[in-house]
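Beneath this line is the structure, given in structure tokens, with notes to follow.
The chains carry the letters A, B and C, assigned in the order they are written, with residues numbered from 1 in each.
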């Protein structure tokens, strides 16, 4: 069927149908960017409570929460996490995407670290080789664009320097974030989503946004919960008290 | 309103209700010629036929100040479906009738204002929420208020009280194997409570549960709420 | 086999019975706890229902917007009027991509159009990656539950299956079995040319396809292969991201009791220029297959369905017989309505009666679909269309006549008393000939009373003391 035919069909049925009751869609902010900014400022005033709620919910869904003072301490914490998991090969978002050069700090500690390139790669061969290396990674380090306290969710936007598989292929995922990512609810996350999609996307923006709520899981066999089906088995959040993202 | 099942199979329950209400100071009338609220026809998709029966029944009950119904499903039919089934003046009258119609426990608790009665049987009782009373009329508290307050009997909560007993009207004979499997699950729960009697406010549920309990030779009885309330005040 | 026969077969399957009881009870408890801790839940359900209705009222506008936005981001949209066309479109895209193998995430829509067979016939191997779907694919079976498709299999059976089909010996331990599936399927994800998914929602204002999963296969299938094809019923479109948050808040809670599933993936077009990963091509296939007609039809309410499975878990019928007995892609209460939508009212002649009308489904439904009402409507359609058996129609019409005539009513009672005499035992009717045998084979029946209430009224009236002054 063509688009015209398909839409015409819908249109004619819509015209023939009495609605069931008066109903309206959700109101959306007219200037979502401004609303998001205002929200961001308000949230920054009560971040400790939001953080506490996030920690509780994150742990409730099986995440491991860590808190450090500075971004340098964060590197140490990631090293400790890696040691606990027996992880040797680390892949990280590009430093610009992370907001800090964690990769160098980790490599200094003797781990094999590969930071993702800043953009796309040329030939297909390079890409699949890189992907194979990500797939062999033991631990992936990313940032988090939002941390939703209501549900213990990390929101990761894909894009340049922040490929999707960093948080997907290695069995252990570590997200490093500061108070700037914290939001209280799904509803607030919605405001940011509206803002992010308002107008043309920034050049670095990728096509996927992932909400990550705990590790990969299934109960398909006899309702017994097992973790790490296709995605990571372990998810860690390292919260850095001193803001490090611009 | 006595209901068809009540009239034909459980007349004693109806008699007890009349006597109980009289002791509570209620003047009880019974418009003659009642047959059925029409629910069996309605549920099987015979809407026009159901409407005709509903029109007749509604007309019979027209002058009652309150209509008291021993079955949640029939009370639901009058309150929720009559206004939609009947058109014009009859529809308006039906809306009016709906507002004056109560299932028995609702009537006792919210109109008569009484929850404390003597129990007609000793021992432990458990309560099954019939689907139309629970979900259709939103009523789960009134029967429990009365049963919990019964002097001489103890109410134990039935796990899965809100789960269907498997009656479903013609469902019970269209798909008897499934209906019986659902019933078996319900009766297993009932027997596990250790109760001597399972109480319900619907003749359909009672027919189904009593039928199953008898067939398995259970010592547990199935009884209507009115059966466990002592006539005397 | 009739539905009744399939149901009876399911009832005799003791293992299935156990699995169903455990699984549905677990889901019921999880859902109850999730909403118990969620006071805003009820208001959000009303809101969700309203958003769905508002969207349907202007569905043409919202679909048009969705198409615009998907194309603006480099995606392509295709239009399938029915199952055959959907298969054609998907196979064609996959073929043009030179695919030999396609990884699939759980999608009822792809089941509905029977896509896998068509792919195989075209020489493209479909690989189900949702663990439950993977298991039943290996076993050549159909899913028995919308959310937990392999609920009817024991871990022992899965271990045997893996040994037989994959040549991998392992203990009958869910962890070990999951690890095998992870390894086997990771290879597939990395090698596949095409990823085929459904979509839980599509956001019109942004052209975003939304996938809700727990395992991570949704992320894999939409990030690794070169081509991503999403097949989606047209009624799944919702207007905005703000609307999406309302649905996300209630979907997982209704399905499994989780606040959110492990992964919610928002996809806006194929890989963008700066991106390392993601498909080169994104195709959204919009599916009608009986849905559009219901906008003005009696099953419009069923278009609100989020495919959460909550109604299955609470349905007394489904809990006893499981999914296969229904005989169609979609089982359970909503399944009966969807089957009528897809295959016509004739297809649900028996299924429309596979319900005691208890209403637990409508209670559990996150968008408050009035399933019992639509089942009664379907039954009524069977009566009007005369697809209901003539004998039955005669019985009910006779019943209607009896109930409208006090004389006939009284006569029937007298006849009943007469007829039952030889069968009364100890105050009950334990055994009756057809058609009442359907009842008495498993249950006693009370006899018609020697004197009905109506017959006793005269003396009851006389019993009354002078009229009291209380309520009437």
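Assume a residue touches a chain if its C-beta (ideal position, glycine included) is under 8 Å from a C-beta of that chain, and two chains touch if they have at least 3 such contacts.
Since the structure is predicted, the reported quantities are computational estimates derived from the model, not experimental observations.
Greatest Cα centroid separation from subunit B: this falls to A. No other pair of chains has as many C-beta pairs in contact as A-C. Chain closest to the overall centre, judged by the mean of its C-alpha atoms against the mean of all protein C-alpha atoms: C.
The distance from the centre of subunit A to the centre of subunit C, with each centre set as the mean of the Cα atoms, comes to 31 Å. Centre-to-centre separation of subunit A and subunit B, using mean CA positions: 54 Å. Residue positions of subunit B in touch with at least two other chains are not found. The touching residues of subunit A, counted against subunit C in their complex, run 1-3, 5-7, 9-11, 13-14, 16-17, 19-21, 23-28, 57, 61, 116-117, 119-121, 127, 130-132, 135, 150-153, 158-160, 163-165, 168, 186-187, 189-191, 193-194, 197, 201, 203-224, 226, 228-232. Per the touch definition, subunit C reaches subunit A in the complex via residues 19, 22-23, 26, 47, 50-51, 53-60, 63-64, 67, 73, 77, 79-81, 85, 129-132, 135, 148-151, 153-155, 158, 174-175, 177-179, 181-182, 185-186, 189-190, 205-206, 208, 214-217, 219-220, 222-224, 234, 239-246, 248-249, 258-278, 282, 286, 288, 292-293, 295-296, 300-301. Interface residues of subunit C facing subunit B in the complex, by the touch rule stated above, are 4, 7-8, 11, 316-317, 319-321, 352-360, 362-363, 376-383, 388, 396-397, 399-400, 402-404, 406, 409, 413, 416, 428, 430, 435-436, 438-439, 441-449, 451-457, 460-461, 463-465, 467-472.
Partner subunit C is touched in their complex by these residues of subunit B: 2, 4, 6-12, 14-15, 18-19, 22, 24-30, 32-36, 38, 40-47, 49-50, 52-53, 56, 64-66, 111-112, 131-132, 135-136, 162-164, 166-183, 185, 207-208, 210-212, 214-215.
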